[in-house]
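Below you'll find the structure, written out as structure tokens, and then a few comments.
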Amino acid sequence: MGLLDKEFSDGNVVIAKVDDLFNWARLSSVWQLGFGLACCAIEMMATSASHYDFDRFGVIPRNTPRQADAIIISGTVTLKMATRIKRLYEQIPDPKYIISMGSCANCGGPYWEHGYHVLKGIDRVIPVDVYVPGCPPRPEALLEGLLKLQEKIRNESLRKKTV
Amino acid sequence: MALKTETMILNMGPQHPSTHGVLRLELELDGELIVNVKPHIGYLHRCFEKHAEAMSYPQVIPYTDRMDYLASMYNNFGYVIAVEKLLGIQVPERVEYIRVIMGELQRIASHLVAIGTNGLDIGAFTPFLYLFRDREKILSLFEMTCGARLLYNYMWVGGLSHDIHPDFVRLTKEFINYFRPTITELNNLLTFNKIFIERTANIGVLPLDTAINYGVTGPSLRGSGLAFDIRKEDTYSIYDRFDFEIPVGQGLVGTVGDSWDRYYVRILEMEQSLRIIEQAIDQIPDGDVKAAIPKRIKPPKGTVYTRVENPRGELGYFIISDGNLNPFRVKVRAPSFVNLEVFGELCKGHLVADVIAILGSIDIVLGEVDR
Amino acid sequence: MYQFLFNLSGSEIIATIFTAAVILVFILLFVLFAVWFERKVSAHMQDRLGPMRVGWHGVLQTIADFVKMLQKEDIIATEADRKLYTIAPVLVFTGSFAAYAAIPFSSKLLGSEVEVGIFYLLAVSSFVVAGILMAGWSSNNKYSLLGAMRSAAQIVSYEIPTALVVLSIVMLTGTLSLEKISQLQTAYFWNWNIFGGPEFSLAKFLLIPFMFVGFLIIYISTLAEVNRTPFDIPEAESELVAGYFTEYCGMKWAMFMLSEYANMFAVSAIVTILFFGGYQSPFGYLGNSIGAEWLVPFEQAFWFIAKGIFFVFVQMWLRWTLPRLRVDQLMTVCWKYLIPYAFLNLIIVGFISLL
Amino acid sequence: MKNPEEIFELLKKEFPEAILGIDKEAPTEPIILIDPPQIKTISLFLRDNPELRFDSLMVLSGVDDANGTKVKDEDGTDVISGGTLSVYYHLHSVYLKHKITLKVSTPRGNPQVESVYNVWRTSDWHEREAFDMYGIIFLNHPDLRRILMPYDWNAGYPLRKDYKNPEFYQGMKVPY
């Protein structure tokens, strides 16, 4: 997703090493957009706070989307909010990642049936990399979501995918 | 001669570090002075009232959790009291005691977040994390009781979902002993910090008559100097058995009703909550916590309005029953919703930096504002 | 250093470039260290661990951040003023980098022996204001604009108390050269200016309290000049999102961070030179006592950087303890308290030095 | 401190036409029924009378009584026609410590109630919410806009019992 991604067709050693370095850098410094929506935001705050400490993984909240790498959709997305989230997503420079945290962001959660004002899943608006289930997910679950995201980043490449 | 200047509209939120969620404030600025504030809400409107009409009475309880997600226990509490009043059932003594203890623990946990975020808005990052660390201890008490950290679905109509753990009483006492000195530490670190006082004293003064006319309740009203607490005023459950005081704002460092007073009332309230827990924890009678749970909850036709003292103020449930399994209408009087109304009034004439100090001191939870 | 290289190569250009390169490398290394250090300091103050996953206790964290930022897309908003927007971070960094030219790291390692070093430092450090204003204006973002306005007002105001305190030291030492000021405070720590300077007389003891006042004033105002808590109002995370660099991303933003941390060390260096003996060791030199004179400059550099980092640490300590002031209170502190006290201090120091 | 019956008697004496009756059917508290256009006058009286001093509006709730007749509209779904929408006012007095509930009912076709914005400022957002959710028009409210739903929401009033959710809003699919 970065500027150079899939720009190179042949996979030589240099590219492979650069790949490793770039991926390592990306995955060790996933800065999240400091932004909470609903109940899950409190668990997200708890994850950043002393007991669980997101900073161990290099995750720090940045308040402006321009300096963030990942956005954690922490809670119910309403129709009124969805357009704003889309805009925030567009403001983040590439490469960017989305963690959908909690049932509401995944699929509407408990509001799936009668929620006339709830968007049933953030993936209807923006692409999601990792889904973290739970209502709300425990901080451990969010940490696991981050580890999954890191795993995903580790397998990214500058090489063009050949079929 | 005064220079004619134009005002500037500044949008704060819905994504902003200190709007406590997805509140959007439309500030009209003259330089950095606030001319007018228009709050826009509804970014977290999750249709609670529609869900309540579509669900049976017990099924509504999990949705009440998700309204004020910082004080879920208390939302359960208010709702089950309303339904019990409609049904006319009496819950066992043991249940009452456990409910009160849980409710007061929840009040402390909620105030910890309120105080922490108020400090965070003013730039004090470290106290916020200290308070989250202490809150973690309360959450683990809840977790050992009902298995959830944040949204509990613990209080059921006529009882509780689980009995308390055998270690609960011991650990709660340990927590009380741990927590008392923490309040002193917090006072030293933040409350009486000169800069913090400078930032909050005389800022956002809420006069008592305005507060009453706007329907402000909870610590925000008490900060203005009126000892109005529904636990005493319109007592419910077994609060009349405990000895506690209602702290009010006295204008220790500024005017009565300023941001600092609202903040300090919360700190004093945490101490009172500890007192209530201390009194209640030793008296929990034996018994079954599920004895009074009815098989089928089908209240008679009628209406009921009950109110409880949520950490943020008066939480009211207005339930209309048409005699069916589902409520006909549930209207929630959310304290944050009402308290936020007065916000525009408080901000006028202050600076941009004060807006967040005031917002932090009235302590809103957007889940409850928008429901 | 410049002299040494000049003698070695015989070319001014090579000597200049090499000296500049050494200082640039120092700044980069220092920033890499300082960002990691800040995160660790804040974490340990807050009962956390801080970065743990990359390298030993996360020492590689800043490198990872840096490499990541290299890869980030460079967004310039359509409505932004492209030219100013691009120049601003460069200008800000140039300002803070230029300041290092006059800072004596040791008796041998200094970029340029300017006779008016302290004057140069004060002049160059206000260069940053222009860059910040540019950044705020060109971003075309209201938060940026507010942040830049606040920042300009703040930096310009706080230069006055700084200059007044500097003036009192200049009066005492009779020189504008940072190198000479450092040299004067030689040998042991009781010769430092904070303890009244090297001359052993009645004036020395009379000066001590006023030197402490001077030190406090200059430390507070330099804190404000580098926008650190409790004066981090231009960036005020919870009010202005990220202040004047709200719209910046990737490497451009990294340059702002680079200059912020470089500035932190620069102002700590000024405080060290003026009051804490500059590069002088507090207890004499190991090199002198074992007869290895080539060791002395290295020892001096060590002491200088150690003192600098200590003051940087104090800045971090304050940042993670205190809330932040409001913009009008910030001005009140400066104009109503610091400047009058600095004036008074200046007059008293002047009288005492006449004794 | 007065009980609701006493307050009812007092009001009945003062405003014989505007007070429509008292509903004691509710198990907990009786409800005083009021004529919609008169609600503001009565509210002012309740607030300013020294014996009553209802200085605080606890909650204002709109309710769809759903007491009309159900008819099928063109696409075959049930629509309620006729009947009433109601507004409940829960008042209490901070100083005298008594409570009372008022109710006004207004026809569903043209729901109009006098606003009590100038009596209790609490009602500002509550009235906007009732308008947002039920479409009840509060006359003389200075700023009657939608509050919780988006300003451009045009699919009706969500808490009415015959509300139908739209398929799309701004290109986003609404149903699950």
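Every chain is named by a letter (A, B, C and D) in the order it is written, and numbering of its residues begins at 1.
Just so it is clear, a residue touches a chain if its C-beta (ideal position, glycine included) is under 8 Å from a C-beta of that chain, and two chains touch if they have at least 3 such contacts.
Small disclaimer: the values here were computed from a predicted structure and weren't measured.
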If you average the Cα atoms of each chain, whose average lands nearest the overall Cα average? B
From the centre of subunit C, which other chain's Cα mean sits the farthest off? D
Whole-Å separation of chain centres (CA-atom averages), subunit B against subunit D: 26
Using Cα averages as centroids, what's the distance between subunit A and subunit B in whole Å? 31
Where the CA atoms of subunit B average out and where those of subunit C average out, how many Å apart are those spots? 45
Shared interface positions of subunit D, touching two or more other chains: 148-150, 158
Among the residues of subunit C, which are close enough to touch at least two other chains? 46-48, 237, 241
At least two partner chains per residue is the criterion; list those residues in subunit A. 49-50, 63, 80, 113, 116-117
Report the complete set of touching chain pairs. A-B, A-C, A-D, B-C, B-D
Taking the touch rule as given, give the residues of subunit B at its contact with subunit A in the complex, in rising order. 14-17, 21-22, 42-47, 50-51, 54, 62-63, 66, 69-70, 113, 128-130, 132-133, 135-136, 139, 149-151, 366-367, 370
Give every residue of subunit A touching subunit C within the complex, in rising order. 2-4, 21-22, 24-26, 28-29, 49-50, 53, 55-58, 60, 62-64, 66-67, 69, 91, 93-95
Touch list for subunit A against partner subunit B, complex: 33-39, 41-43, 45-46, 49-51, 63, 65, 75-76, 78, 80-81, 84, 88, 110-111, 113-118, 135-136, 138
Flag every residue of subunit B that touches subunit D in the complex, lowest number first. 41-42, 45, 47, 49-50, 53, 85-86, 88, 212-215, 226, 228, 233-234, 300-305, 307, 314, 316, 318, 320, 329, 331, 333, 337-338, 340-342, 370-371
Inside the complex, what are the residues of subunit D that reach subunit B? 25-29, 31, 55-59, 61, 63-64, 88, 90, 94, 97, 99, 101, 120-122, 124-125, 133, 146-150, 158-159
